[in-house]
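Working notes for the structure below.
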Amino acid sequence: MKSTKKILALVLTLALVFALAAPTASAKARAVKIGVGLYQDSGAAVSGVKAYLASLEDTLNVKFAYTVLSTNDEALNVTKVQELIAAGCDGIIITMDGGTEAILQECADAGVYLGGYLCDFDTSFRTNYDKVFKNEFFVGTVADGGCGDELKRGYDFFDSVIEYNERTPDAPIRHVAMTTFPAFAFPYQQNFVAQFVEKVEEYNAANPDKAIEVDPFNEETDILMFRPMDSTYFTKHPGIDAIVSMCAGSFVYPTMVSAGVSDTMKLFASGYNDGDDAIFGSKGAYQQEIVCANESITYPLVLLLNKINGVEFPDQPAEAERKSCSTFIINSDEDLELFKNSVYLTFNGEDALFSPEDVLNLTAYGNPDATYAGLCEILDHMTIEDLK
Amino acid sequence: MKLPKKIFLSLLFPVLMFLAMWAITAANPACYVNGKFIFLGFDLVRFVITSACQSICVALAIWMQLKNGRFDFSNGAAMILTAIIAGNVGLKTGSPWITMLVAVVCGIIICAITAAVYMLGRLPIVIATIGVTLLYESLTYIIFGGGGVSTFYQNDALSIFGHLPGVLLPTALAMCIFLFYSNFTVTGRKGKILANNQAAGVNIGIWEEANVSQTGMFTGAIVGLAATIYVSQNNVLPQSSLSTAGIMFSYIVPVYMGMFIGLASNDVIGISIAAIGMAIFNYGLNCMNLGGGGWQQIIMGAFVMCFYTFSAQLNNIKALFRKNLKKEAAA
Amino acid sequence: MEKEPIIEVRHMVKNFGPTRALRDVDVSFYRGEIRGLVGENGSGKSTITSIVAGMQKATSGEMFYKGEPWNPASMVDAQLHGISMVLQEANTIPNCTVAENIFAGRFNEFAKANSFLSMKKVNAAAQKLLDSFGLQRIKATDNINQYGFEDRKLIEIVRCVSDETEVFVVDETTTALSHEGRQILYKLIHRLKDENKSVIFISHDMDEILEQCTDLTVLRDGEIKGHLNRAEMDEPDSVKKIRFLMVGREIGDAYYREDYDSSHLPEVALKLDHVSFGPIKDFSLELHKGEIIGFGGLSGCGMHEIGRAAFGLEKLSEGKVTCGDREIKSCLDAIENGIGYISKNRDTEALILEGSIAENIVLPSVNALSHGTFVSPKAEKQLADGEIENFRIKCNSGKQWVNTLSGGNKQKVSFSKWTAKKSDVLIMDCPTRGVDIGVKQFMYHVIDEMKKQGKSIILISEELAELIGMADKILIMKDFEVTHEFKRDPKLSETDIIEYMI
Amino acid sequence: MSETVTSQKLDERTSFKSFVKTHIFDLTAYAGLAVMLVLFLIFNSGPRLMYNFSAVVQAAAVYSILALGAVFIYSMGFMDVSLGQQVGVYVILMILIGNKIGGPGGVVVGFLVSLALALACGAINGAVSIFLGLPSIVTSLFLMFFFTGAQYLMMESTGENTIKLIQNVKPADRNTYTLMLIGIIILLAIIGNYFFNYTKLGKYTRAIGANKVAAKQSGISLVKWQVLGYMALGFCAAVASFVMLTRTGTAGKGTGSGYAMDIMICLILGGMPLKGGMKSKISCALVGAFTYTLLSNVLTTMGVPLNWVNFVKACIFLLIVLLTCRKPNGVLPR
């Protein structure tokens, strides 16, 4: 026993000495490594983005490593990022605004750059701007859809409802209720509600014969705490034809199924899940889904690559920015057909909106004439139209 | 004990629970939407039955191991893994029946593996089951691209065993299997013997290994049925670091309650009734928009505590009663 | 030899770690005999039978059963081949029905396709079997918890005897049985003998042996010391002879206490004052300094409970236990007031088997050894090594684990716990159970010394010889009451006492 | 006479074997840690070695501290599944109180409150299970439900997804921080070692784990020492929560989730027998915690694909327990 203890002590001390005295041999010229911390392990979105990034690897000489972050355990997120850094990443893209300051601290210590994707970093933006957006290791983020007040998603929902009614005059939607995620997680979904109601009121004033009734938004019942909607919702909203879900449809639809209303009631929602095509449009309850193109990750990626290669755009802004990006609004069978050909569902890099060469041309080192404005511009060309 | 008294005692808990929740919700403004009282109604029945069935199946699986003196951590993991395999097969074949079949078979195989690790490894049961739990959880990240099953439960045709009336079938099966096991099989009886005096049981000629693996398979069948319901009601995601134990614990309440309620009749009925009671309770909380929130957790914990205390202290309680009876007799 | 042996044992050796339970034993058992096996505890009689009945394996040597080499895989295996044995310890399964207890091993016989069991059949068969033993009062469908120790023993007998039984081993079972139970057992073994089967009968009760057995084999320290046939057993001085064979020398020769002066100091060391708990009602006792009070009786007579109560382990409903002027409410009080307790269940209660000798010895004294929070390892070692020295505990060092020790040395450890604590009152429950003769003598010596130092001892024992040999005063208990009190006296014999026990 | 000789012979013959047998736990555990260290050095001897080293220390710190406390209850053969949620609640408490009062003082107050709460829970956990005759797992199950609920409610009351401590508690310089953590670990290790090996607390908890009855009959008050054991864990939980807080300065619904089980795994990897008893060692905590952290770190740096990491971990776990916990004969262990 004693002996083993001694041996252990020896090993430990040796290890430490070696560790401290270890020659900081510089890494050989190798592919740049980018770590991507996603918000979930699986699902269409994940496979899609992986496919897109994979298609870029050779041309850009980049390797990608993935990890999964937690929505509510910052300590875990820090550890995950540390592991990515340990795995030798030069840049990291995260999809979560949790413990960002600590994560940036890590990046600074290791000389690694950080970018954001599918997330408007709203908490940091509001409460911690200086430490995050002014941090030299933060390159900026692209949100799914808009950031903060620019978001006009409520209008999109309204348009979809009207389109539906025009498409099916015999069974139009006359009575809807709404759901959102809690404000602390998605502060702007409340605005969507307001926007939607506003539009409906205008519409009802204009054509009273086709008036649409909207159940007043109920703080108690209509906010989903990241749990599937519970079936009392239907008791609480009797007689509705459709649900306008500002939050992901996957939290609403299953409850509709288990409550047996999925074949009569319609659902307008955000987010897309595998297999939704079977229950969309004329085939089922889903009438609208709003998705953000995987390709939007190009924005942080290009910025990271520039930083890592030590170049900058001539028109590079002084502080990191958060950009909004256009979205796929799918509200008809035709849209769905188009959407099905995107990398989001085919998982084939060749279906991506941008080829590896396009992306290389966006980088400052790949193309001397490339500009920040040019990079931002592509974010506006990720709509259903662009899939045609 | 007379039959009517048995029935009365058994039904006491859910009835009280129902009345209590009725009273509480009736007093709570949140339970009136546009002036309509939302607690009573068909939705209550639907919710209670569907969620109770789920708990019953899982609880029975847990209880089968527990009553044989083995606390099996891996039930949760086994269920999730089974659910993922069966669910994906179901999605490919498009048949709920095949799903259930596959689930049962998988469940049996997986639990057999657990039993094997326990027997051949000769590890303490807790360690053995923790080990396989970690293994099964890690597999959920590997099989079917680590995608879990996200769309099975939102498909009407496939998820019939998650809703009325389909959900009743697997539950009934599970209960039958359990009753059959503990009353009409050599395995079950021998299991009882081993649970009560392992050494003596082995001395008088019970082959423990055989018993463990056979019991494991019965458990597996029930796990499979539980998984069928689970995948028909939930979005099944890959799990890690023993989070499946958490899933399991969330269904353990009826087990502990059932031990106590079951004293009036038998454990299966006890567990089922406990599950129904808890379902009513949860529905009530949902009506008050407390469902799944902090309060539910806290109250559930309290329930575990109380009922386990009851069943642990039962002998003393009985003794107390006897004393009083004696006193009366003397008087 | 006209009878052919049914079991032959040749050159059998059995070692438990360092101790040698059997040394090169040769013995044969014959059909149509009831063979008594006698010997002090640890003499190896149970070891032989347990090896024959497949409970454990011999270290070396060979066995023959009906002329064939015999190596049973397990008790079950042995039972199937017709050798069954009733153990000393309770071996029934709680919370199960009597029927389940009887047929648990053989359920398949009542099952279709070895799986679909019909409890109806099982219960019927079980009841039939019980009746055939004249145990109609025991109902097959009852939960076994309803029955007392004795009935459970009988149920065990019913379980292990069947038509196939050729050799039936009874290992110190009768001590647990009342008169009625004994009669049932005697009837059974004589029936078997008449059916030209073989019975091996182990007992401490010499009279019982002499009445029931047809032959007798005496063991000592794992060796056969002699055989007696019926004729020899009937000789007048047979008992004396057997004793001699068992102990190896005349009784009273530096074995038990030699003096017969039962005087003691006047001060009361421990007082039980109208104590009532469980089945014990209004029990009082005064133990003086330098006094040894012996308790005797059948197991289940309540004497063990008295010991526990005196140590504060039982919750008293009335009365109190006092040491000097301080009341003993818990064993913590007891220990702090210099009372020590050696449980009869050495391995489960008295010792931490999976712990070192030193740890065990020091445990009760840790409190005394600690300065503030600190407990000096040095002090601990000194204390432990001292005791190991005094008791000549056979071990490599204090670090050695207790479960590697022989029964005798284990017992020495549980003694030394209390000498280390410098206890003045010692409650010993079966202190020499399963201890070989050398250690036993040593123990008696220690006890004697303690008395001389003015320490007080309660000696609870199932061995009357021991009580007669050591105690100043012997209290015999039956059904939780003291039936008689004997003063120390050279003329006192076991037969005088037994009548008050049964 | 002959008996003594033979017995000594027997002892000598079995001595080496018995040494390996009695120390198989430690041997395997230490070996495991050594292997992990070597692998770590092999796969990290790049420019980031120092960084990774400090990262490992950071990740291992919380585990080590919790494990150090947990040793006291695992040595009694108990386990605690509520640990993770407790830590979560304590961190949230510290932040809420810290922000309310403000300044370093606020943090101190927050810490003290959490500490008090932690000790109280320890007492409950220990005492209740004895008085009500419950298996300790049940009481800790209750506490788990309770704290999960509390965590939910506290977070929902804040109306934020994550809350942040205004007062900065983390040294700006990375190395200072690493050294601080190492300091805390070493300090607690020394304290733990003292209490576990040189005071009644350790001796009695081990004795209770090894044989309750014998312990009782040797004058050990089960209630008292069980409670104290749990309070020791409570103390470490509070400290661990603080260390956790220093890492991110934030907390949320999920903070601390899964730690209870991680700690169990750590201790098993460290060679702790789950049934407790005399084989329990304080070193199990540190060895286990570092083995566990290094394991996940090494697996990532080795480039094991994410979804296979857990699989490899599971296999290693099974391998180790098969080596250490196997019960060769007799009835199956329960």
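Just so it is clear, A, B, C and D label the chains in written order, and each chain counts residues from 1 on its own.
Definition applied: a contact is a pair of C-beta atoms (placed from the backbone, for glycine too) under 8 Å apart; a residue touches a chain by one contact, two chains touch by 3 or more.
Here the structure is a predicted model, which is why all the values come from computation and not from measurement.
Under the contact definition stated at the top, the chains bordering both chain C and chain D are B. Note: the chain lying farthest from chain C is A, by mean C-alpha position.
Of the two chain pairs examined here, B-D and B-C, it is B-D that is joined by more C-beta pairs in contact.
With centres taken as mean Cα positions, chain D sits 30 Å from chain B. Centre-to-centre spacing of chain B and chain C amounts to 46 Å, using the average Cα coordinate of each chain.
The distance from the centre of chain A to the centre of chain C, each centre being the mean of the chain's C-alpha atoms, comes to 75 Å.
Computed from the mean C-alpha positions, the centre of chain A lies at a distance of 37 Å from the centre of chain B.
Those residues of chain C in touch with two or more other chains do not exist in this structure. Multi-chain contact residues of chain A (touching two or more other chains): 41, 225. Across the assembly, chain D contributes 156, 257, 306-307 as residues in contact with two or more other chains.
Contacting chain pairs (ordered by label): A-B, A-D, B-C, B-D, C-D. Chain D meets chain A in the complex at residues 23, 26-27, 30, 33-34, 37, 40-41, 44-53, 55, 58-59, 62, 156, 158-162, 164, 170, 174, 244, 247-257, 283, 287, 296-297, 300-301, 303, 306-307.
Residues of chain A that touch chain B in their complex: 40-43, 47, 218, 220-221, 225, 227-228, 230-232, 234-238, 250, 253-254, 257-260, 262-263, 273-276, 278-279.
On the side of chain B, the complex with chain C involves touching residues 183-190, 192-193, 196-197, 200-201, 203-206.
On the side of chain A, the complex with chain D involves touching residues 1, 4-5, 7-8, 11-12, 15, 18-20, 22-27, 41, 65-68, 70-79, 82-88, 98-99, 101-102, 105-106, 109-110, 123, 127-128, 182-185, 225.
Those residues of chain B that touch chain A in the complex are listed here as 30, 33-34, 36, 38, 41, 43, 46-47, 50, 91, 141, 145-148, 150-151, 153-156, 159, 162-163, 233, 235, 237-238, 283, 286-287, 289, 291-293.
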